[in-house]
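By letter and in written order, the chains are A, B, C, D, E and F; residue numbering begins at 1 in each of them.
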Amino acid sequence: MKTSHSLSFSKLGCIKGGRQLFKNVDCTLEAGNWLHVAGANGVGKTSLLRMVCGLAPIESGHIFWNGLPIQTQSENFRHDLCYLGHLNALQESMTVDENLAFTSALGGMTPDRLKTQEVLTQFGLRGRGKQLVRHLSQGQKRRVALSRLVLSPAKLWVLDEPYVAMDEAGIGLLANLIADHLSKGGMAVLTSHQRVAIGQIPAQMLELQAQ
Amino acid sequence: MSTSLKPMALGYVLLAVLRREVSLGMRQKGEVLTPLVFFVVIASLFPLGVGPESALLLRMAPGVLWVSALLAAMLSLQRMFATDYADGSLEQMALSTTPLALLVLAKALAHFVLAGLPLVFMAPVLGLQFGLDTRALGILMLSLLLGTPTLSLIGSIGAALTLGVRGAGVLLSLLILPLYIPVLIFGAGAVEADAAGLSIGGHLSLMAALLVLSLFFSPLATAAALRISLE
Amino acid sequence: MKTRVIHWFKFASPQNFYYLAGKMWPWFAGLATVLALAGLWISFFVAPIDAQQGQGYRIIFVHVPASQMSMFIYLVMAGWAGFGLAFNTRLSGMMASALAPTGALFAFLSLVTGALWGKPMWGAWWVWDARLTSELILLFLYLGFLALQASIDDPRRADKACAILALVGAVNVPIIYFSVKWWNTLHQGASVSMKGASMATPMLMGMLIMVLAFWMYTIAITLVRVRSIILDRERHTDWVKHAVA
Amino acid sequence: MQWLSVADFLNMGGYAFYVWGSFGITAAVVVIEILQVRAQRREILRNLFSQSESEDDLHQKPL
Amino acid sequence: MSTSLKPMALGYVLLAVLRREVSLGMRQKGEVLTPLVFFVVIASLFPLGVGPESALLLRMAPGVLWVSALLAAMLSLQRMFATDYADGSLEQMALSTTPLALLVLAKALAHFVLAGLPLVFMAPVLGLQFGLDTRALGILMLSLLLGTPTLSLIGSIGAALTLGVRGAGVLLSLLILPLYIPVLIFGAGAVEADAAGLSIGGHLSLMAALLVLSLFFSPLATAAALRISLE
Amino acid sequence: MKTSHSLSFSKLGCIKGGRQLFKNVDCTLEAGNWLHVAGANGVGKTSLLRMVCGLAPIESGHIFWNGLPIQTQSENFRHDLCYLGHLNALQESMTVDENLAFTSALGGMTPDRLKTQEVLTQFGLRGRGKQLVRHLSQGQKRRVALSRLVLSPAKLWVLDEPYVAMDEAGIGLLANLIADHLSKGGMAVLTSHQRVAIGQIPAQMLELQAQ
């Protein structure tokens, strides 16, 4: 089994509505590191992340995972990937537990009650398992969404503004979680307007510039 | 953990999606009841619109009941993917290791269980109101049982195509109603043919063929449409 | 092998096609005009009166071409759509969306001229005949295509979505046609036969020429429309700025 | 020549409404389509020309 | 700025809402066309279900056309408030200084213009397909013209009540279809009465009464329902 | 005409799902000041703000506006109020201009093209007026939503996590905007997990505590 992974962009470009958002983005991320995609509002961070996940088509340039273009190995790549976007992907009229169980099932795993409870406790949501997501606060929803990270076996985390709506404790928690993931040879790509330190690991910065 | 899911695991995911959809549907108790009641209400509109003449009603019955069932099943199509789209779950499904077509198939089946199956069991009650006899009622049920899964499957294509579009509900109807026509013709036709003393084997086997065809093709088309909607 | 494929796609690039279409459409338009004039002449002055239907049969000279075009265009459209999905060429989607309005119009014309013919011949504007009904459904399919195209604001997404719809429709057209046919014949025998009297040669000639004229018209108008679409879609590229400067 | 007079031609053997209606609506549809295509092209060209003006706006850096 | 809006200002707001709705509707060219095409498609389903016999179709025509129009108008109801609700605009409307009932009235009127009026003009074409004569077509149009605004007004109550509820589409239909029944009975009844040689004055004046009644009460009910949905 | 306003809570309490979120909250805000409602995720900040706006019923205690309970003068109060919640209140399939025009119209004002353009420029969205909101980035949407503040004549701004999704420049912009509003005798109530200074005006803090 392969142990070390790498993600790299080569001459990546994006055009939205006839406007060049960015072009010729080159960058390589090795296992154990994280990439902070930064830039002003509307510069194209979310667009970049969606291309990385294969949700948006790549118009120019290439994205490689372990040296191969992601399009040619989409199943493989999806298995290594966990994406969290602006949206929480939680069903409002289902309970927290049900949502987590479904998340596990999608990844092909049997939902594990004990594990789930542990994760909820870790995210400060102890005893909320039976509560409907609709009744959670904004930050609590974000926490549930983030707990997906713990339950997933993915190597590469792609997080779009993960700190949004989180209080200080929550941000610290998440940073520790990412640091932990990196120390195990994982990788993370994230956007945020807040500069949050991830353990001792320096961020690899990718500053997008308005063209 | 292996890179590619085992067939058993696939079956498991399929079941999980089915269970989730059905439990979501059952959550709002209305969910299962409303297509049903809609079926009843809409079928009852006709006697009101057309007048109480029983011979006329009897002649109309198979057609009207089938059209009503079709509309009832169609109305609930729109939310097949809508909430998952709005809250980002659909992205996660598209990114999951399970083939999207399979997830889609599960969702279409759940739609059949929640919206189609109840209609099958309600149809005889309405048929009685129109004066159909027992034999005709049986055939009506049989034709609905063969036809409504096809409706859910074809409908899923439309639901996927109109995702995130303003006025999706009406657009969806517009896109798929023409595609529903063969099902309607054979379904209502079977009941009428039997009433006219003709054999209905042809009708039913054609409906079965339609079902098999759509069982195979529509998940693929739907999955492709979903990926486009997510772009 | 690979270079060949690339070469092929270059040929189908919107930019090249824009110029190609610009050169071609006047020829087709000219041909359409000439053929239409000739066809009209034959329709009204050469073709003799019909023994059973009197002068009313002359509707055939617009009705049949319109009906045929409406069906062919759908096929061509679905073909382009399928090609676009398979090879991810931008031009295909543009061609499909350039064809759709014309196809819908011909389907509409087929229905209207058919109805105008039906009233004097059958005494009713409309009967639920298999052919009529399936033409009506074809119009619905076109309208669905157009409505979907209009509702999705990103043109490339719209192209792909419409391609799927067109393909699904193409699979269904034969199914619909046969089901409708069976539906009708089950209830009533052959009450109405669409075949008119055996056709005289000038009639046939006239009809053929009109069909050709409609073809040419379709090609011309599609080329013009696709040129507009190309300009619109590629408005941010440099070649467009040169082209319109 | 099979027509006795212009009036006879116009009368179309009593089918004037239907025959001329058919040809008329066909002609009308063709003309409308041509006009629509022209209008569409003009509109697109106009947008293309006005585009260069708004270009500066659009390429402003966000703040 | 004064605390309470002047009547003129009220009229202005009403117009602004109307204009916004109509322009939103026109944006997607499909918006006006789809209820229309839906009307056509759904009305055409019945012959396909019932069979092509023209005598039977003629008898069914007023009822079927009215039911189809009613369904077409109803299907587009759901999005009357849905997007405004989802994106928070509705909260803003509820918090605005303009009486909510007025805003609601404007929205219902816009719905009539976009979804009801086109049906009135399409009905004769469909009537022809069913073999109705000119006189019957005229009465059909008249009855639709009187009836569809009532449908929009009553419908707005349902749209408001089902806001934010999962499966709103079906639930909505379920809530308002029973309320639509009087309109249907008098509307289709007028055409049939005339065909039977009876006077239609009674039918039409009852429809007018329904219109006035709903013009007065439904905005109030809708506004109240909206406030509840927002809580 | 009255020139000075005040907002005050007295013994305000909130129960959600049988759980006491907060109780006996007392606080008074005078014109020219701002209230920072702070607290961990799920402590009840959003719930409090929705009560202030009259969107959620007040279960115990009172909220006074200019000395009168808000329920007894709801029209008056609504006229003085501008609320911005977690949601942006933007129609995704309408353009930015149309959304703003509608916002103005709702407030009973004629939409003013020039004013609108000015506001968009101010928010870094020059030339975006004709763009569909669906095509804006997260931060751009938030900016459009916030531009409502400028267009509204309201005295009291109630902002729920206004800084979310905004880049640094955007946050600065908003802080200035609020400072400006306060200096003109306005008031603001806001929640945020980021501590952002509003000009020189010290925040009046309301720390909610988990019960």
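Everything below uses one rule, namely that contacts are C-beta pairs under 8 Å (C-beta built on N, C-alpha and C of every residue); 3 or more make two chains touch, one makes a residue touch a chain.
To keep track of the chains, here are their UniProt names: A, F = Cytochrome c biogenesis ATP-binding export protein CcmA; B, E = Heme exporter protein B; C = Heme exporter protein C; D = Heme exporter protein D.
In this text, all values refer to a predicted model and were calculated from it rather than measured experimentally.
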Steps needed, at minimum, to go from chain B (Heme exporter protein B) to chain E (Heme exporter protein B) via contacts: 1
Best-connected chain pair, where connection means C-beta pairs in contact: B-E
Whole-Å separation of chain centres (CA-atom averages), chain D (Heme exporter protein D) against chain F: 52
Chain centre separation in whole Å, for chain F relative to chain E (Heme exporter protein B) (CA means): 37
Approximate Å spacing (C-alpha centroids) for the pair chain B (Heme exporter protein B), chain F: 45
Sites on chain E (Heme exporter protein B) at which at least two other chains make contact: 24, 27-28, 30, 34, 37, 41, 48, 51, 83, 166
Junction residues of chain D (Heme exporter protein D), two or more chains touched: 58, 62-63
Per-residue overlap in chain F, given as positions that touch at least 2 other chains: 93, 124, 135, 140, 167, 169-170
List of chain C (Heme exporter protein C) residues in touch with chain E (Heme exporter protein B) within their complex: 115, 124-129, 133, 136, 140, 143, 146-148, 150-151, 180, 183-184, 186-188
Chain D (Heme exporter protein D)-touching residues of chain C (Heme exporter protein C), taken from the complex the two chains share: 44-45, 48-49, 54-56, 58-59, 62-63, 66, 101-102, 105, 108-109, 112-113, 116-117, 119-120, 217, 221, 224-225, 227-228, 231-232, 235, 240-241, 244
Complex contacts: residues of chain D (Heme exporter protein D) adjacent to chain C (Heme exporter protein C): 1-3, 9, 12-15, 17-19, 21-23, 25-26, 29-30, 33-34, 37, 40-41, 44-45, 47-49, 51-52
Chain B (Heme exporter protein B) residues touching chain E (Heme exporter protein B) - in the complex, by the definition given at the top: 24, 27-28, 30-31, 34-35, 37-38, 41-42, 45-46, 48-51, 56, 59-60, 62-64, 66-67, 70-72, 75-76, 78-79, 83, 86, 165-167, 169-171, 173-174, 177-178, 181, 184-185, 188, 192
Partner chain F, residues of chain E (Heme exporter protein B) touching it in the complex: 1, 3-5, 9, 12-13, 16-17, 20, 23-24, 27-28, 83-84, 87-89, 91-98, 230-231
